[in-house]
Every structure is written in C-alpha cells, then in structure tokens.
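First the structure, then my questions, so here it is.
Chain naming follows the written order as A, B, C and D, and within any one chain the residues start at number 1.
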C-alpha cells in the first residue's frame, strides 16, 4: 500500500515539473526576441518536459506493454527533436538569419 | 492530476499557436510547428491515461515520426530555395 | 446545455464555410487546394462528432473492458478512415494539375490563366 | 472533463483556420495547415476515433504537407491580391452557413447515446462482430469484412489517383524531360536545367541527419509492419501501415536524394506493387466465389468460418497496405522529383 502512495506522489511531482517546464518553454517561445533564443526555449520543453511527463506516465503504467511503448516514444522524441533542432539551426544560418546580439555587442 | 496536465499542455499549445501565427520568419513558424507536434504527442499520452485507455500509444509514436518527417520536408524545401537562389532572406 | 451540445457541429460548419470561402473567392490554385483540405477535414470532424457517445470508449475490445461498457459508433470511423486517404489522393492529383498548369502558363493565379487563355 | 479539452481544441481550430484564410504567404498557410491537422487528429482521439486519428496523423500531417511543399517549390510562394472584392463570396458563404446552422437545430446533442445513428447498424456491429468476424477492433472488422466492397472501391480510387498522377507528371522519363525543358519549350528558364544538374547539392552536409536517419529508417519499417499485422487488435491496419512504410522511404529520399531512393525502390517495382495489392484484394474476393461463397465472403476460406474471416481480413489488409504504400511513394516521386517549372 505504501509504495503505491509513493508512486502516486512521484508521478504527481514529475507531472508538475513537466508542466511547469512546458509552460515556461511556451512563454519563452512567445516572449524571446529572435529565432535562436526561441529555439533554446523549445529545447527546454522538448527534452526535459517530455521526459518528465512520459516518465511519470511510465511510473503509473508499471511493467507493461504500455511502458515499453512510452519508452519508444521517449527515445524517438529525444533523438528526433534534437536532430531537428540542429538541422533547423544550420539551415537558418545558411539562409542568412543571424543571432540577435546584445546591445553592447552591437556595432 | 491528468486533467491538470492536459490543460497545462493545452496552454503551451496555445502559446505555440500564437508564435506560429505571428512568427516573423519562416523558421519561427517551423519551430512552432515542431514544438506543437511534440506537445501533441504528450497530449495524446496524457489523454490516453485520462480516459483509462492507455493502450493507444502507437498513435503518439506516429505523431513523433510524422513531426520529424514534416520538419525535414520543410528543411528540404528551404535548401531547394537556397540552391535555386530565390528568396535569399528567411522572410515568410 | 444546448450550447455545449451543438458546439462541435457549429465549429464544423464554421470550418466548412471557411474552406468553401477560400475555394470560391481566392484565385490562387494552391490556396484553393488548401481550402479544399480544410473543407474535407471539417466534414471528417462532423462525422466523428456524430459518432461520439457520452461515456463511450474507442470501439476496440480488450481484456480489461467490463461488460456493459458503451462504445462509440464505429461506422463513421470506417467511412472517414477511407475518406482521409482518398482525400490526400485527390489533393495529390490537384497538385499535379497545378504544377502542369504552372509549367504551361507560368502562373497559378486563376485570372491570369484566363487572360492568357483569352489572348491565345 | 474531456469536454473542456474538446472545446479548447475546437477553439484553436477556429483561430487557425481564420489565419489560414487571411494569410497571403502560401508557405505559412501550409505550416498552419499542418497545425490544423494535428489539432483535428487530437480531437479525433478525444472523440474515441483512434483509427481515424492514426490515419489523419500519418496522412494529413505527414504526406499532404510534404506533397503541398513539393508542389509549392515548383510554383510561386506568394499569393497575389485578388482583383475583385469577395463580397459575393462572403454573402454566399454566410447564407449557406446560416442554413446549415439552422439545420443543426434538429440534430441530437453531441454525445447523445439515444440518437438515431447509434440505434440500428452500430449495435449489430458492436455486439455481433466478435462472434461473426473475430477481430477485437470493431473498426477493422467493419472496414475489412462488413464493408469490404466499399474498401475495395476506396483502394481502387487511390489506385486511379496514382495512375492519373503518373499520367500527368510521368516521373520515369527524367532525361527526356531535361532535354525538353532545355530545348523545346521556349518559356522555360535555363536555371531549371542547372538545378537539375546540381540536384546532389542539398542535404549533403547534414551529417547528423544522415546518421539519425540510417538509425531510424529500419525501425520505422518495422513499426509499419507491426501496425499492419496488429491492426486486428489495436488501432492500425492496411491504410495506416502503407502510409508509414511509405514515409520511411520518403525519409530516405529526403535525407539522401530522390534519385538514390529511386534506385532502392524503383518506379517499375512500385507500379507492379500497386497492381499486385489491388489484385490480391480482388483475388481474395474471386477465390471466395470459387469456393462457393459470395464475393468477399471470407467464411468459406477455411473450415471454420472465424478462421476464414481471419485469413480474409489478413489478406485484404495486406493488399490495401501494399497498394497504399506504392501509390504514396509514387506520388512523392512524381511531385518531388520534378525540377523547376517556368518562372
């Protein structure tokens, strides 16, 4: 009985962390000034937020097929989203978008 | 618990949607679409648990796949534009 | 209650009319195809909304379904499943036509194509 | 609580579609269409239509945005301002919409279990299909067995669309096309010919993409096979599996090159596969007739009716999967491999 409660508390904690990171990433995507900083914001949500939420669900599912599938989703998400971010930044640079530098650096 | 997370994910989706609509450059929009896809994957997983039928995670996997695929398609579109020399700036 | 009860249908109608508006008022052929896509998605939405049963679940049997569980209606799902694939096939044919028109006329704007047709 | 998620998603859909209507940059419209179909697929999930959501995710978001982008890169990326005011169109749309909204007043409210469409056919399908047909997924048994004729028709429509596309764009004669593009047509620019020669240039420097792609393409194919053969027990089936398998090939084509992908899966093989899939479907039907049943009556395929049903559904789902795969890749080749248009 005890460890059920512990699992539930852990799940709730991870979900809270995930949602908080997700919302902060969303606000960052909305508020930050240029493409590269926004990409930083999405990086936060894509990696840690997905990890926290999917891991919380995995805790609830236990050792079942559902957990295995969640694990697949997690691995796939983490690998592809980092790859997509990398390729996106590279193409953006190639296309002539430059990072917005701070005021001191502005010449 | 699941309902609260689902609503939080919906809030994030809303913010992302705003960026996709405003986004000054095409890359901002693409970034927003990419993040929207990731959030959809999470939403599906959470809704599956919320409705007590969590065995439909295949769909989430497909979403992750398709998200990657469409991002690549757009990148290919940009590279094609670069190699053709049209639209040198990323506006649009 | 009735407001919530018909919200789905109204949104479907709104989307349908938006798609219809794009198709009849815009001259750009690709934009027209986008409008057509919106229109068809709205039809899918309408059908699936009709098939939903309150308290129902997805029409797939598995071991932890207790007897007497309501299921949503599978018939609209079947209709729409095939309609989606057919819809993308239609879009592809439309795009192919657009590409050919662009190669021949050099434009995908409807009124310019018509002007070129008249000048021939 | 599902209702809250439902309503928020529907409102997002409305916002997205308004922007799609107003925006003039076609690229943005396509991006927003991607979001639109993601949203609608999430809605399908909250409304219990998991199979539909599966298809919409793979087809609506993936394939149709890829095809639209391919076509867009062959044409112009900006929409011109229309020359006339759209008041008449607005009027027509408003009147039609008002009539339709008036029509919804007579509809039963959303989710009403007593409404007419849940009363007759659906009850029979849900209650009797485990004994009559077998698969736990009722959607699969309706799709493949009860409505087998209909699905055969849909597969034929997709096949016809593929033929039409090849007839319009003809992907296999690239060399002749190049000559024609350079020489005969006067209104084409020479840039197009250069692009054709420099077609190896894009994506060669994305090393990370190549490695990740190499890692994932086999897994995606495996997943497609899982979806194909697990379709009786969970969401999935021939349509979805065909599209996912096709998207593995598309991933290969996008990371490496369309020409290289065409060496792996040749257009001739695709044409053969498309025909083969459809013939498998029709052949099962004819075989049923030879064994003494009706067309597509799988009960006669084995000694036990349920085994026969199982075998029949397996075969025709396979046929659908093969056809859909072949046609989707054909479409991608035809649109993605055409280089440049007139400017």
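Everything that follows uses one rule, which is that contacts are C-beta pairs under 8 Å (C-beta built on N, C-alpha and C of every residue); 3 or more make two chains touch, one makes a residue touch a chain.
Bear in mind the structure is a predicted one, so any value in this text is a computation, not a measurement.
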Most distant chain from chain D by Cα centroid: A
Two chains sharing the most C-beta contacts: C-D
Length of the line joining the C-alpha centres of chain A and chain D, rounded to whole Å: 29
Chain centre separation (chain A, chain B; CA means) in Å: 12
Rounded Å distance, chain A centre to chain C centre (Cα mean): 31
Mean-CA-position distance for chain C and chain B (Å): 20
Where chain A touches two or more other chains at once, by residue number: 76, 80, 83, 87
Chain C residues counted as touching two or more neighbouring chains: 57-58, 62
Multi-chain contact sites of chain D, meaning residues that touch two or more partners: 50, 70, 72, 209, 234-235
Every chain pair in contact, whichever chains are involved: A-B, A-D, B-C, B-D, C-D
Chain D-touching residues of chain C, taken from the complex the two chains share: 1-2, 4-11, 13-22, 24-28, 30-31, 33-35, 37-38, 41, 44-45, 48-62, 70-78, 80-93, 95-100, 102-104, 106-109, 111
Interface residues, chain B side, partner chain C - complex: 51, 53, 55-56
Chain D residues touching chain B - in the complex, by the definition given at the top: 1-2, 4-5, 8-9, 12, 15-16, 19, 25, 27-28, 31-32, 34-35, 38, 41-42, 45-46, 50, 53-54, 57-58, 61-62, 65-66, 69-70, 72-73, 77, 191, 195, 198, 201-203, 209, 220, 223, 226-227, 230, 234-236, 240, 244, 247, 250-251, 254-255, 340
Contact set on chain B toward chain D in their complex: 3, 6-7, 10, 13-14, 17, 20-21, 26, 29-30, 32-33, 36-37, 40, 43-44, 47-48, 50-51, 55-56, 58-59, 61-63, 65-70, 72-74, 76-77, 79-85, 87, 92
Footprint of chain A on chain B - complex, ascending: 1-2, 4-5, 8-9, 11-16, 18-19, 25, 27-28, 30-32, 34-35, 38-39, 41-42, 45-46, 49, 54-55, 57-58, 60-61, 64-65, 67-68, 71-72, 75, 78-79, 81-82, 88-90
